[in-house]
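A, B, C and D label the chains in the order they appear, each numbered from 1.
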Amino acid sequence: MLDDLYRELILDHYRSPRGAAPLERTDRRAEGQNPLCGDECTVSLRLDGEKVLQVGFRGRGCSISVASGSMMAGEIEGLSLAEVRRLEASVKSMLQGKGRDPSLDLGDLEALEGVARFPVRVKCALLPWTTLLEALSRKDPAGERARVTTEQAGPGPGGAAGGGGGGI
Amino acid sequence: MTPAAGPEAARRAAPPPEPPPLDAARRKADFPILAPRPGLPPLVYLDSAATTQKPRSVIQRIVRFYEEENANVHRGLHRLAEAATRAYEEARAAAARFSGAAGPDHVVFTRNATEAVNLVARAWGGMHLGPGDEVIATEMEHHSNLVPWQEVCRSRGAILRIVPVTEDGRLDREAFRRLLGPRTRLLAVSAKSNVLGTVNPVAEMAAEARSAGARVLVDAAQAAPTAAVDLRAWGADFVAFSGHKMCGPMGIGVLALSGDARSDLPPFLFGGEMVRRVTLEGATWNDPPWLWEAGTPSVADAAGLQAAIEYLEEIGAPALHAHEVRLTARCMEMLAGLGGIRIFGPRDPSARPGIVSFWMEDVHPHDLAQLLDADGVAIRAGHHCAQPLMARHGVVATARASFYLYNTDEDVDAFVRAVLRSREMLAPGPKGKHLGI
Amino acid sequence: MTPAAGPEAARRAAPPPEPPPLDAARRKADFPILAPRPGLPPLVYLDSAATTQKPRSVIQRIVRFYEEENANVHRGLHRLAEAATRAYEEARAAAARFSGAAGPDHVVFTRNATEAVNLVARAWGGMHLGPGDEVIATEMEHHSNLVPWQEVCRSRGAILRIVPVTEDGRLDREAFRRLLGPRTRLLAVSAKSNVLGTVNPVAEMAAEARSAGARVLVDAAQAAPTAAVDLRAWGADFVAFSGHKMCGPMGIGVLALSGDARSDLPPFLFGGEMVRRVTLEGATWNDPPWLWEAGTPSVADAAGLQAAIEYLEEIGAPALHAHEVRLTARCMEMLAGLGGIRIFGPRDPSARPGIVSFWMEDVHPHDLAQLLDADGVAIRAGHHCAQPLMARHGVVATARASFYLYNTDEDVDAFVRAVLRSREMLAPGPKGKHLGI
Amino acid sequence: MLDDLYRELILDHYRSPRGAAPLERTDRRAEGQNPLCGDECTVSLRLDGEKVLQVGFRGRGCSISVASGSMMAGEIEGLSLAEVRRLEASVKSMLQGKGRDPSLDLGDLEALEGVARFPVRVKCALLPWTTLLEALSRKDPAGERARVTTEQAGPGPGGAAGGGGGGI
């Protein structure tokens, strides 16, 4: 069971995250926070019109959130913004255990499939993606910062992970 | 003859088919405390309106929680914390289903019905009641659905108006309509009286209150025991009840919310679990419904409540209702046969199932309860936390027998026999006729 | 050499004799949930600071209540009502003895420590705090002893002042003295931190606060588990704790009161049981302590709490303390040996018994908790409802192992082994030295 | 056990209470209430200086309170006020289970001894006596009414009968 979560590929991304090098120039940028644990990440993008040229990801969080961001950085480089959005929707659906678009190749991201079985950790894996969406939605000039939380994106309350807190 | 009045209409208007009768003797065996005890008379427990007994499945659910799942809930990353969280949130889902709420996130766990009403009075009332606003309650409310409104009205400068009770123990609907007005903010009414047994027309009253722009709180403490709670069908905003009166444990209650109520109810108590971010300067709140649950909840009791809900659902509301009506009819008839007894509330047993409050000449309720106890019959004597209703009927106390799913015809007979014996002891000589029981 | 410095003085200054050591392996057998389970690794439960496990005697006490004594309390004239009332009031007497209150009528039962603090903040604060008045809390308080004060200060126009925490996790006593002033109305301080384990000098601080004319509330949620609660010795006015953290059931907490506090504490929640006379116009209140207990209480849980108190009293505070210090010392030493680990709080184990919060390089606390769980080791990761204290130490979360009377040396060893394995998994390669365990 | 409470003598006083006839003239009078049940009684006295000439007692309450009042009416007629006070103290002590003055003959009142074993009923038996004391303490002109409750006189809280309410 735990092996579903800590797959070798996830650990590998955690130990040596992609996208960690600072970008020379940033067209979009957002910071995100997982309100349940307080962990944070930053997503920066270099765009060429409608295409993602380069991705910067820095996470201060658990292995799942860092690996998810690292995989994201690896997979979305070179994609069009529309493709990025489709990928995001598919990853989110997979993480929430609702299945995913079979026509899309998720690459390394497939390794995150097992997270769905750990409701408490789903928001960890979503954090970079919510932050990415926020960065994209910004029409602001380069370098403008936005702050989001995974609040809007997590599984609804009432699941086994329901409730807030963060330890007693 | 209108077209609708043919056999077709008759069929449509026919009452629903009788549910299979509740086998109370078999149910009794589910309740360890009701088992025969050597050396003592069998326990005839007729105080279920105060608190019901607990079936084995409820007691065992609590034990299983402490023996296999115990941990603190929320965010725990170990197996027990997950099990405890699951138990707690499954109980919430069961409570939502049971109460007709839109979903688990429309259910708040409290300690009891009293705390649920206080939550609304304090949190909702503190935000939505101002000087000159009006709250309507009734003359038959339990103190727990009256005093919180007196207090919040006093502190907010609002006005509490009271629906009177008629001679036969029903709410005066005409008077209620006259009380409704543009300043009415909330109607607080019980679904069923704990003294008279009267089942109130809460759906109709709620509709009238809502069209006057008011919110509606239903005290369902006495309706829950027969699984007769339905926030949606009632059109209520807040529904409050207690686990311990419906086969569940003490220490757990429910406040079910409508969507509207859920979105404008501020926090109640403050502390762990109900917050999101806390700094030394201030805090932000967690999502509903956790926002109204400060501190470590009573998870074992919530799990026990779920077992109780499942127990009641298995029997079903129609069978529970029919059983209580039957015992009530039998009891009222036999008491009337004794003579010299005044029974409060509606005369039709089906309008007041399960509860018989009365006053007997020459035997004070407290004496009666004490004498009955010696015969193994447990009833309650007193004002039943409804002093205004006592005053309305010109008494300070009544004797109350209340019947539940584990009571049999024999229990009713034993009760009436014991009543008769008490009267013979305190006021001997022929009074009314003896029943051949 | 002063006269007092002879051998005589040395003898007087000697520490009290060591209590007989606590036999944790034997105690473990009292806890059904800790029994070996076929097919699963033995449970190493190190999350007692969140909630403790329950000994058989406590679980059985709850069962016995529901199987033999269940009824609603107060004024019932039948046998079960008397038994339930007796159980409830005996539990109150046990809680009074345990907390150092002057008598049973100085003890209020609440749902948990959080509700106890809210009771004081709402009822006492609502009456005694005004604009410009000051409340002092500390940077290490649990949200449950911080947010209620933020809220009542906000609503009353009072000012909340905070005692800072030093680098080694103690309260800054000098800063506290500077905060005390003529407007100080209340000090709210925990007897022991749930994150650092730090035992605070509450008696000394209470004395200083009282001589400034302030009342004192002690959050004893983490002190109660080792039977280290003493309202009288502390000179406190209010002492709050939870049953579930001291071997007792969830759903029951205690607010112990000084004589002074008892006489000027207004009502909190309103409804049945807390009133004396009710008319449609208003109500008068019952005597203390019932006046603060609205609605049907959690009698079974109160009885369970009494069983927990008796269980802890049988072991005794000195043995509980010594055992926790020993396990804490062992754990701190072994973790230090691993390298790359920052332990928060005082360095002296006897100043912070039972709790070890830490941060390990390369392994996020949430990952650590999840990985440890796979080895059957239950710890907690998160902010522990103490976000300001996290911020003070520059982290958003820690991993926390907490030890209790059923934990053995082997549990500590299993924990450290699992920590090591987690690090090897997430950050392989030689890091610090391996322990030979 | 129950026979301790409902002794034949008690039932007899309950069925035909002494002192029930209205007094021609009243020198002292008080009404009392048991706050736990709401029951009430009235005690009226005709005095001759320091001596009780005649007693009127009317109770609206349970058998124990009515019997206690009836016995009281029977026993205090002819006593001096000092003797009445001694008797009251002894009865109260007996009802609270603290023993009683062995030198005093309690007459019929001895039948109330078993009440001590029923904490909930102790206030019932005390009600007439608290009301009597109140009537005596009044220095007012004849017919002046005083209202008291058994509040001050009952067993302290914390006993098995602790708490208030009066049924749920």
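Worth pointing out:
The criterion applied here is as follows: contacts are C-beta pairs under 8 Å (C-beta built on N, C-alpha and C of every residue); 3 or more make two chains touch, one makes a residue touch a chain.
Source: prediction; values computed, not measured.
Separation of subunit A from subunit D in touch steps, taking the shortest path, is 2. Measuring from the averaged C-alpha position of subunit A to that of subunit B gives a distance of 48 Å. The distance from the centre of subunit B to the centre of subunit C, with each centre set as the mean of the Cα atoms, comes to 35 Å. Measuring from the averaged C-alpha position of subunit B to that of subunit D gives a distance of 38 Å.
Residues of subunit B in contact with at least two other chains: 50-51, 72, 75-77, 272-273, 275, 277, 296, 366, 370, 373, 380-382, 385, 387.
Contact with two or more other chains is made by residues 165-168 of subunit D.
Contact between chains, as defined at the top, is found for A-B, A-C, B-C, B-D, C-D. Taken together, the subunit B residues at the contact with subunit C in this complex read 32-33, 43, 45, 47, 50-51, 53-54, 58-59, 62-63, 66-68, 70-72, 75-81, 111-115, 117-118, 121, 139, 142-148, 150-151, 154, 162, 242, 244, 249-253, 269-273, 275, 277-283, 294-301, 366, 369-370, 372-373, 377-382, 385, 387-388, 391.
Residues 49-51, 194, 364, 366-367, 370-371, 373-374, 380-385, 387, 390, 396-397, 400, 425-427 of subunit B are the ones that touch subunit D when the two sit in their complex. For subunit D in complex with subunit B, the touching residues are 1-2, 5-6, 11, 14-15, 37-39, 61-64, 118, 121, 124, 165-168. Residue ranges on subunit C touching subunit D, taken from their complex, read 72-77, 82, 85-86, 89, 92-93, 103-105, 272-277, 286-290, 296.
Remark: subunit A residues 35-36, 38, 120, 156-168 touch subunit B in the complex.
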